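Per-chain numbering from 1; labels A, B, C and D assigned in written order.
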Amino acid sequence: MTRFSAISLIAKALNGHKDWPEQWPDAAPKPAYDAIIVGGGGHGLGAAYYLAKKYGITKVAVLEKGWIGGGNTGRNTTIIRSNYLYDESAHLYDHAVKLWDGLSQELNYNTMYSKRGVMMLAHNVHDIQSFKRHIHANRLNGVDNEWLTPEEAKAYCPPLNISPDARYPVLGAALQRRGGTARHDTVAWGYARAAAALGVDVIQNCAVTGINRGPDGAVTGVETTRGSIACKRIGVSAAGNTSVIMQMAGLDFPLESYPLQALVSEPVKPIFPCVVMSNTVHAYMSQSDKGELVIGAGTDQYVSYSQRGALHIVEHTLAAICEIFPIFRRMRMLRTWGGIVDVTPDRSPILGKTPVQGLYVNCGWGTGGFKATPGAGDLLAYTMAKDEPHPINAPFNLDRFRNGRLIDEAAAAAVAH
Amino acid sequence: MILIHCPYCDEDRPEIEFAYGGEAHIARPLDPSAMSDAEWERYLFIRNNPRGRHHERWRHSHGCGRFFNAVRDTVTDKFETTYKAGEPRK
Amino acid sequence: MSDVLTRSEPLPAEAFSGNQVVIRAAPAMARFSLRARTAAEVSAVLGFEAPAKIGATAHGVACLGPDEWMYRGAPDAPPPVAAGQMVAITEISHRNTAIVVEGPRGAEVLSAGCPLDLSKFDIGRATRTVFETVEIIVEREANDRFHVEVWRSFAPWLWTAITQVAAE
Amino acid sequence: MTSYRLPQGGRINRAAPLTFTFDGKSYQGFEGDTLASALLANGVQLFGRSFKYHRPRGLVGAGSEEPNALISVTRGPGRFTPNLRATSIEAYHGLKATSQNRWPSLRFDFGAINDRLGMFFPAGFYNKTFMWPRSFWEKLYEPAIRQMAGLGNPPTEDDPDHYSATYAHCDLLIIGAGPAGIDAALEAAGTKKRVILIDEQPEAGGGALADPCLWAWLERSLQALADAPNVTLLTRTTAFGYFHDNFIGAVERLTDHQSEPGHGPREKLWRIRAGDVILAQGAIERPLVFDGNDTPGVMLASAAKTFAVRYGVAVGQSAAVMTSHDSGWRDAFLLKQSGVGIAAIIDVRSEVARPLHDQAAALGIPVRLGQSVIGVTGRHAVQSIEIAANDGTGRTTLPCDAVLMAGGWTPTVHLWSHSKGSLDWREDIGAFVPARPAEKVRCVGACAGNWDFGSGLTIDALPTPKDPRRIKAFVDFQNDVTAKDIRLAIQEGFRSIEHIKRYTTNGMATDQGKTSNLNGLQIASTALARPVPEIGLTTFRPPYTPQSFGALAGHAKGALFQPTRKTNIDSWAEDNGAVFELVAQWRRARYFPQPGEDMHAAVNRECRAVRQSVGIFDASTLGKIEVVGPDAAEFINRMYTNPWKSLEPGRCRYGLLLKEDGFITDDGVSARLAEDRFHLTTTTGGAARVLNMMEDYLQTEWPDLNVWLTSTTEQYAVIALQGPMARKLLEPLVERIDLSPEAFPHMAVREGV
């Protein structure tokens, strides 16, 4: 692997960029691997990287039906934070945030992780109470989160409208300073390159069509559009398509796949310094390094794999954005797109073993999977390598839907009386 | 905004009049306390979530108010049919 | 005691008029929701033929759903009496209020926020639908007159929305 | 400064001159001009700076496909709009336009240092650098990148304008009012079909506006459409997105072309449901890829024709035409006939049809076949070009002040793609054309690949004897993506067209690749030695052109953003100094501070009053459901966790409502008013949810129960009267209710007046 640096860039430039090698080889499937990851998004590529790097399993293939990073990795609004209410969630997401820090250097690929701060706006008494509860719970878990008055919130994010006459006035905000954004594509590419350097095969245009199992029920390999591949460990990290893959192993899953839309504006010079989220008004926004305002819209109401959303969702999102940030009404929407988000009944992910020996799963991240990318990859790798979950992801097992130990982050944000 | 044929109104009406109601034809257990945890999990949480033909419930909440069932392709979002609650699975 | 009280109305008393449309608050009226399994039972209660088809209206009664009728009458109209019929009667006189939109631009004004094709909405039809995010019941009383029922707490918003569109 | 306004011709109104400014300097134009045509007429060729290298740029196109000439317009407080295309800005008297992405001035821009160092900023350079030292990313590198990136300045003041929206319905929606769209509309005129014909330009006509031979036909046709009561023509309206079931979003621009913005809405969102859709969006000419093809003065031949014929403006005194397509010749002829000097027609092809030769000879235009432009001299304007034969021999220099590119045509299939229709690759025209529809839609005219522009050769890049790694031949002008960037991406293993797009940012600029996608694809195809269809096409996403947040939000601004539900007692509470809180969509009196009191003092005083005497609370926002029918008690008994059947009429009970997973979803006190009638209450935020949940069970699980549910939340105002003095306070106010503790015990309900 050619090490990336300003020096190598200058050296290659002077040579007309003639000798840049492939960032990762376009591998063809081999007959057998020690482990297979289904899904070449950031989570799956991350799992492959950590399997090779931390757990010494290097005969690994990542199978991607399209092109790597082409699913939700390349379609999200790149928000990173860990200010979740429940202990289990805070540990899980903060594990990821800690890995984000230094990831560029570890992968030798600039993922552009930028701790710009994530600010969540409180618009009513219930929000204030709920956010303060979050802040206290977060601090007990060593997760930074602090309360800002409306004036402090505006100082942190000047475009914010804090007029008390607004339909949803800003009554304060919870700020996680370590929260921020990263550049989505580079996460997939960076993991792919680093994993490939450790011997992992990144195989694109290779869709899994079946999961093979032995007489004892354990997995023995996969069928793909590019032939059969043997292996004893399969990690499924296929986001919205997880239900379809799990069906191949005869497993029904507690998942539903919904369309989620996002949009960007035309690029402008820096105006928006952080990430702002408003759950009450259903809007969140940041500004990319390129200058685009990056805006998350809502999910459509019905399950769908069409990667296509409805106009009224965008209308409502932009109406909300313009109320909170009235200076942006003349900004223009450049591009909208849709992703497929896999949602669990308790809105928390499933990360661990399945009832099938050798089959592991990482899914159910809903609208918030990007922030967890390094953590989810690492924990899936750990679980596959040890055949048991890490203490951090142990609570996020599939059994919780049977034994009732749900981690209901949706309920944590419930509406007041 | 998809168009949905309400089998009660017998009309195509815009999506914003409707509320999605999740997967259809999940029979509610008559005696929940007699069920195993696995059966209860299946009833409560396990969903079909197919790529393709999906049986689902809708309610014409800002119309006639009725719940009904539909078959829709989740890849194209096109409806195959809609039918009244209580009618057999299509 | 009650005779010294005045009822606060969510809609202005004065009509909006201009741009070929007049928008005004409908006069006070009695409203009842009648629920039954058949139109025949409702007819028996009312003493006249209730419409059986969803969307149809007759004698101030609109069929809104397969088991739902809305009856509107004079402000002092007594509530219908079930009289042994299996009909659930609930008074909603004050839950709803109504806006009348009248004039050549009436349909155009409503179409600003109502997703139905009003050019195919016949005189005498009524249906529950939405204006943007707010639920309404719209009835076409004449070619250029619409009666729009709305829950009272949404009425000021709807009034502002419709009059703003009319003024454009 | 020389005037480039032709002495005659064009559709501008020469009797209506107007004055405007660009970067503070005053210019003259005419009604009917765009900012682009008016500036060109004044000899301005430098319009902007590119995104990455800050290279000086002029016009490429004449319409909404323009990638370079991005302009900010200021019209008073709060009305600053960045990133508008000069070719789409209608000139008006007093227009104030400024260039962007440059400092301190358009002609002298410090950012242009990037261009000098461009070799160090190839595709994806930022993935490889700025990682050391680690702390510098957030403190130094990222802020510097951000400052260099972005295009225009952001708006900084609240927008005083308001916006409109409507739904519309038609049997036939035709998008694009060029000849094909107008023909389709004429065919439907006089039928019973309701037809809407929309076009993004201020004037219907499309390509016909740049063809004087069609003007008489156009006038007749538009008159016929105006006379047809079933046809509605919307100009200045852009259909930006094609959504499910023939639902099309369009934005009409109402005031941006006027000298005064006025008081009406600035833009209007049209949400159109169509029976059938005809797409007649035409085709966009393709630039050619050669060294220096981004120099101001290098533009599309069709754009030069439009400027000459429609606006009466010569793009130069001596223009060289670089073509691979017959249409370039035709445009050259028309330009020459309009009074624009043509230095030469250079065609990369070795042979062209005889009539083209004959006409060129007749018009005295020199012709060079089998040759290509291999370089452009001039930084802010074209001074000359270097030409070579395709085998690299015979390098010569040709003085000229404009270069017109004619690289073939790309059907505008954006909306077709939004609708999920499939595309077929047509080798003969080197473009994707609509194949199988996914909605009730068809394409006509040039957007279906049907045109009479003649034939041509589509070529990934012009042949050049220069080292392809050392030249700057641009593919995506706005994002500064060069042919070598695309080749480098492939060299580095990015083979899928989506990867190439994301790594190089080709096609990701504000023009969404209208002029760059196909050239990028051809270059990738050549580099990978695989046919184009195997590499695929990037997906077009709405909107077709950028649309304002304001228009998409429609009326939802200020008071119309979302309803604020108020109780009947709200005005009393306001008069008495209530502090309100928001609960769901309601506003509810929270406490009533007296002068000098903070919240805690007020709440303590109110609590004390309730403990010691009496207090009132406006509980009108609580949800209420009337449950009526012989099975009412049975139904409620099944819904709540506690028993209800034994509750006697006149008594109340607290009920707890669980979801099936066992989580509490709501609670409330409910009263049995009669044997067959209950009055339920829910939480304020839960009212709609609970009613829906109950309807769900009733309709789908227990349809046999004879009971019906009606929301009565707003039928009643509710005052909760609490404290030891409650009875005493209430007593003189009610009739027909015995309030004694014996007659009206705890958890009882009584009706009176």
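We adopt the following convention: contacts are C-beta pairs under 8 Å (C-beta built on N, C-alpha and C of every residue); 3 or more make two chains touch, one makes a residue touch a chain.
Just so it is clear, the model here is predicted, and its values are computed rather than measured.
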{"item": "Pair with more cross-chain C-beta pairs in contact, given B-C and C-D", "value": "C-D"}
{"item": "Closest chain to the centre of mass proxy, which here is the mean CA position", "value": "D"}
{"item": "Chain A and chain B, separation of their C-alpha mean positions in angstrom", "value": "29"}
{"item": "Chain C and chain D: spacing of chain centres that average the CA atoms, whole Å", "value": "37"}
{"item": "Separation of chain A from chain C, taking each centre as the mean of its C-alpha atoms, in whole Å", "value": "48"}
{"item": "Multi-partner residues of chain B (each touching 2 or more other chains)", "value": "1-2, 14, 16, 19, 44-45, 65-66, 76-77"}
{"item": "Contacts with 2+ other chains: residues of chain A", "value": "306, 308, 310-311, 316, 345"}
{"item": "For chain C, residues that touch 2 or more chains besides their own", "value": "115-116, 133"}
{"item": "Category of the chain touch graph - line, ring, star, complete, other", "value": "other"}
{"item": "Of chain B, residues touching chain A in the complex", "value": "1-2, 15-16, 19-20, 22-23, 37-38, 40-42, 44-51, 54, 56, 72, 74-77"}
{"item": "Interfacial residue positions of chain D with respect to chain B in the complex", "value": "243-245, 247, 271, 273, 420, 438, 660-661, 692, 695-696, 699-701, 703"}
{"item": "List of chain D residues in touch with chain C within their complex", "value": "164-169, 194, 264-265, 271, 273, 555-556, 559-560, 562-568, 571, 586, 626, 628-630, 706-708, 710-716, 732-735, 753"}
{"item": "For the chain B and chain C complex, residues of the former touching the latter", "value": "1, 8-10, 13-14, 16-17, 62-66"}
{"item": "Chain B - residues contacting chain D, complex", "value": "1-3, 14, 19, 21, 28, 43-45, 57, 59, 61, 65-67, 76-77, 85-86"}
